[in-house]
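Consider the two complexes below, in which chain A is the common component and chain B and chain C are the respective partners.
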Partner chain A sequence: MSDKQGFMKALKCRECGREVPLTATHVCEFDFGPLEVAYDYELIKKSLTREVICSRPQTMWRYRELLPIAGEPTVGRQVGYTPLVKADRLAKALGIRELWVKNDAVNYPTLSFKDRVVSVALSRSVELGFKTVACASTGNLANSVAANAAAAGLDAYVFIPSDLELGKVVNSLVYGANVISIKGHYDEVNRLCAEIAGKYGWAFVNVNMRPYYAEGSKSMGFEIAEQSGWRVPEHTVVPMASGSLLTKIHKAYQEFTKLGLVPESKWKVHGAQATGCSPISVAQKAGLDFFKPVKPNTIAKSLAIGTPADGFYALKVMKETGGHGDDVSDDEIRDGIRLLAENEGIFAETAGGVTVGVAKKLIASGKIPAGSSAVLCITGNGLKTLEAMTGHVGSTREIRPSLREFEAVMAQDKPELVAR
Partner chain B sequence: MAASKKTKPVAKKTALQSSRMWLMYPPKLIKHPVIWELGHKFAVTTNVRQASVTDEIGIVCLELEGPASELTASVKWLKKLGVNVEPVELSTMES
Partner chain C sequence: MISISIPPTLRRFCGDQSTVDVSPGTVATAVGELHDRFNGIRDRLLDSGGSIRGSVLIFVNQEDIRFLQGQETPLKEGDEVSIIPAFAGG
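Let's turn to the complex of A and B:
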């Protein structure tokens, strides 16, 4: 293992394959294709075994040879290894033999899978000598950058749209981050953030640090395979915003297979979107290998990316693995959240409702066979999107402190108990 | 007395900037020579780095170089024409 680059070899263009040094850069200067981290798998094979992994603490860093840092992690050392829950009641409700829920709603410290990507991006930023980190975000990413930067003593700049709900702003401000709200249409904000990232020389986690940042998502796939008993599940349903998580979970399965950590097998990775922002699933259903940009209009704000940066690659993975894409309406998203909460006691954010809703559709249509086993990826906590469920989960029934009034309520619910 | 030396006034140079973007054309614009027209209307140098054109959509990865005001005007013109313009990073704003 080299001191300067660990088990990484280079950054490699996903389009032309050209390799560039492991710096803070994200597009190939030749064709502007996205850069991805390439590893020395021969070297990793000598170092990473099941025994080594099992001997390490239960965090995402137990797979550190396959994550893009040169030395030991310095930011987010407790992130990951969230529960893989056997969801028997939900399986019955959805009509499938076996179902598992990978629950990143309880990821540390900010209750979403973004803590995985951010801790990798910030650990690498520290290695590259950055003192200031930044991101542009409407929610989970902002919270995670603010929290992890605070814990690491880094200066953080978080850019948000000016119309963001107060609760989400507080979730970043509380950590002492510099929060800049930008007035303007989405595409203007998007272009400004790209300009700022280019001009200020900060570690902009989802721009110039993107090749490292995105690799953090693989840890979710590694954990799923290990927690499934060192095998890749037949079916994995993944929510899609940029499409990056889906491609990285597939890459994680490929890497574990290549290293002999899991046996060779066939797996399918399915992608879930909200109908109000479904460029990737619409393209998949139409059999296209490109997507058309859309203007998002959905309660699943965390998936609302109309021009998904990894959409093309997500389509490719679904095609290669035989996976399917589908999408669900806002009402179906709320139903999905309720199904997961009422059957498994897990309160997911709207993206979780999308995943459950799409899994339900894929099972009903036979695209995920009823006799098979599937893993659903839940990426964020429902406490972050309470507004989506407000007014849709029933209401309390108020009584005075009187047994008679309580029994009047019980008479409606369980009259047999009152009659005793 | 020596005659004072006349100096030719130096034209004030405008700093050039470059911008990298994805253009996505709807089907109605696929036959339209958008990039040719852009290069004639504005003081910008155009350089196509990637392109894919089908019956359904035209996608072009373009590098533009020119004065900042011309770059801004170019993007405004492209959007008015109906072309979707995104930075090469596509979405920088995530959840």
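Let's turn to the complex of A and C:
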């Protein structure tokens, strides 16, 4: 290990195992396989204990040794450590003994789990000397890159599909980022960004910075394990877009187990998609280890990736852990959002509706047994996707400021109170 | 001619060019022609069974060839081909 690399050893190809230096690159030039950060676990084991973690501030950086930066974090130092909420009312509604909600809808600063990956990607970008950061995004990532780049004094270019929800567009523009709206779906945005990244030499967080960026997702898994009382939950339900988050939560559980921070146990990781963009869950249900790309058509725009880069690896994790994939329709997504809101007071974005909807299906079918305990990963905030729920949550009843008019309303709702 | 856009990862194998022109035919003949001119590139794009690697995406005029005719997708004069790695989330 050199001092400049921290606890990282190299970038390693997930296909052929070849190692390359820790630069801004994401693909193995021998077989196009994705590169992943390799760590010095022996060194980490000497440094990272439960006591050390507990002595640190309550942010994702309390697991700093397992995150891929060489020095100390410089961007997003307050990110993470979101609540793990015991969801008793939702558990009853879904028919399961015990349910927990990992609530990244309140992640700091932009209300989605993307702040985790962005704080890692931008801290590493600063280490590598970049001044301009960029991303291809379905919305949440754009918000997070824009905000964190602003706070770090970096220039930001964010690329989004032109049909995004207004909340996600304004939430990128407000930070002064350059927002480029592409007439096409996310896969087309991503294809363009792959070409732009090759030409402009910026730190594209989910292109050439992807090996570092993706590791940030592990912090959600570390927190779940710590907040569950230093153990891995039996069942974790994770929404899938590219499939990366699911694989990284599994990796987090593996790393904590390997380091002796949690006892050895068996866990299942389940993947949730929207039926309108379900290449991974369809393949899982068919027992395949490869997927067929699709053209997305769903209200869950943050999950609308028809050609998921980590789809193959997500399928592998589900198979290895005995987890299941499933998908839900747009109406079931809205029902899922309502269930979470009405039972737990948590307003999730459409991806959260997907997670709740799929959890409901998996519990109903016994794939997650009624007597077990499960964690649902909620990754984004409902205030950003208001369009999805507008017209589906009832409507206000407008009256003049008159007691008589209010009592006319109450006469319909609770006549026994009016009569008193 | 047909213009093939080469990703940064592969440029080292293609004389550091960002685009390479090939003759009309199919995606398969284009990959063959690339291989003839730049030894070794076929193994970067195809697995040992001759299928395009899962981590490689090929587009003809902005359309993924898996939605067209795969390696048999025809290439005619003026078509644009892009080779890029699979997409990460966002």
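FYI, the second predicted complex is superposed on the first by the 404 of 420 C-alpha atoms of A that agree within 3 Å, B and C clash if a C-alpha of one lies under 4 Å from a C-alpha of the other, contacts with A are read in each partner's own complex, and residues count from 1 in each chain.
By definition in this document, a residue touches a chain if its C-beta (ideal position, glycine included) is under 8 Å from a C-beta of that chain, and two chains touch if they have at least 3 such contacts.
Quick caveat: nothing in here was measured; it's all calculated off a predicted structure.
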**Prompt:** Is A:Leu288 touching the first partner chain B, the second partner chain C, both, or neither of them?
**Reply:** first
**Request:** Please work out whether A:Val133 is in contact with chain B alone, chain C alone, both, or neither, and reply first, second, both or neither.
**Result:** neither
**Request:** Once the structures are superposed on A, label A:Val358 by its partner contacts, choosing first (chain B), second (chain C), both or neither.
**Result:** neither
**Message:** Quick check for you: in the superposed arrangement, does A:Glu15 touch first (chain B), second (chain C), both or neither?
**Reply:** both
**Request:** Return first, second, both or neither, reflecting whether A:Lys301 touches chain B, chain C, both chains, or no partner chain.
**Result:** first
**Message:** Touch test for A:Arg191: chain B only (first), chain C only (second), both, or neither?
**Reply:** both
**Prompt:** Looking at the overlay, does A:Leu245 come into contact with chain B only (first), chain C only (second), both, or neither?
**Reply:** second
**Item:** Which superposed partner A:Ala214 touches (first chain B, second chain C, both, neither)
**Value:** second
**Message:** Show me the chain A residues, by the header's touch rule, that chain B contacts in one structure and chain C contacts in the other.
**Reply:** 15, 26-27, 30-33, 135-138, 140-141, 186-187, 189-191, 194, 197, 206-207, 210, 241-242, 290, 292-293, 305, 307-309
**Fill in**
Note: in the complex, chain A contacts chain B through residues 15, 26-27, 30-33, 114, 135-141, 159, 161, 186-187, 189-191, 193-194, 197, 204, 206-207, 210, 241-242, 288, 290, 292-293, 301-309, 351, 380
**Fill in**
Listed in rising order, the residues of chain C that touch chain A in the complex are 5, 7-10, 12-13, 18, 43-45, 53-57, 59, 62, 64, 66-67, 82, 84-90
**Message:** Applying the document's contact rule, which stretches of chain A touch chain C when the two form their complex?
**Reply:** 15, 25-34, 135-138, 140-142, 186-191, 194-195, 197-199, 206-207, 210, 213-214, 241-245, 290, 292-293, 295, 305, 307-310, 312
**Complete:** In the complex, chain B touches chain A at residues 20, 22, 24, 49-50, 52, 54, 56-57, 59, 61, 63, 75, 84-95
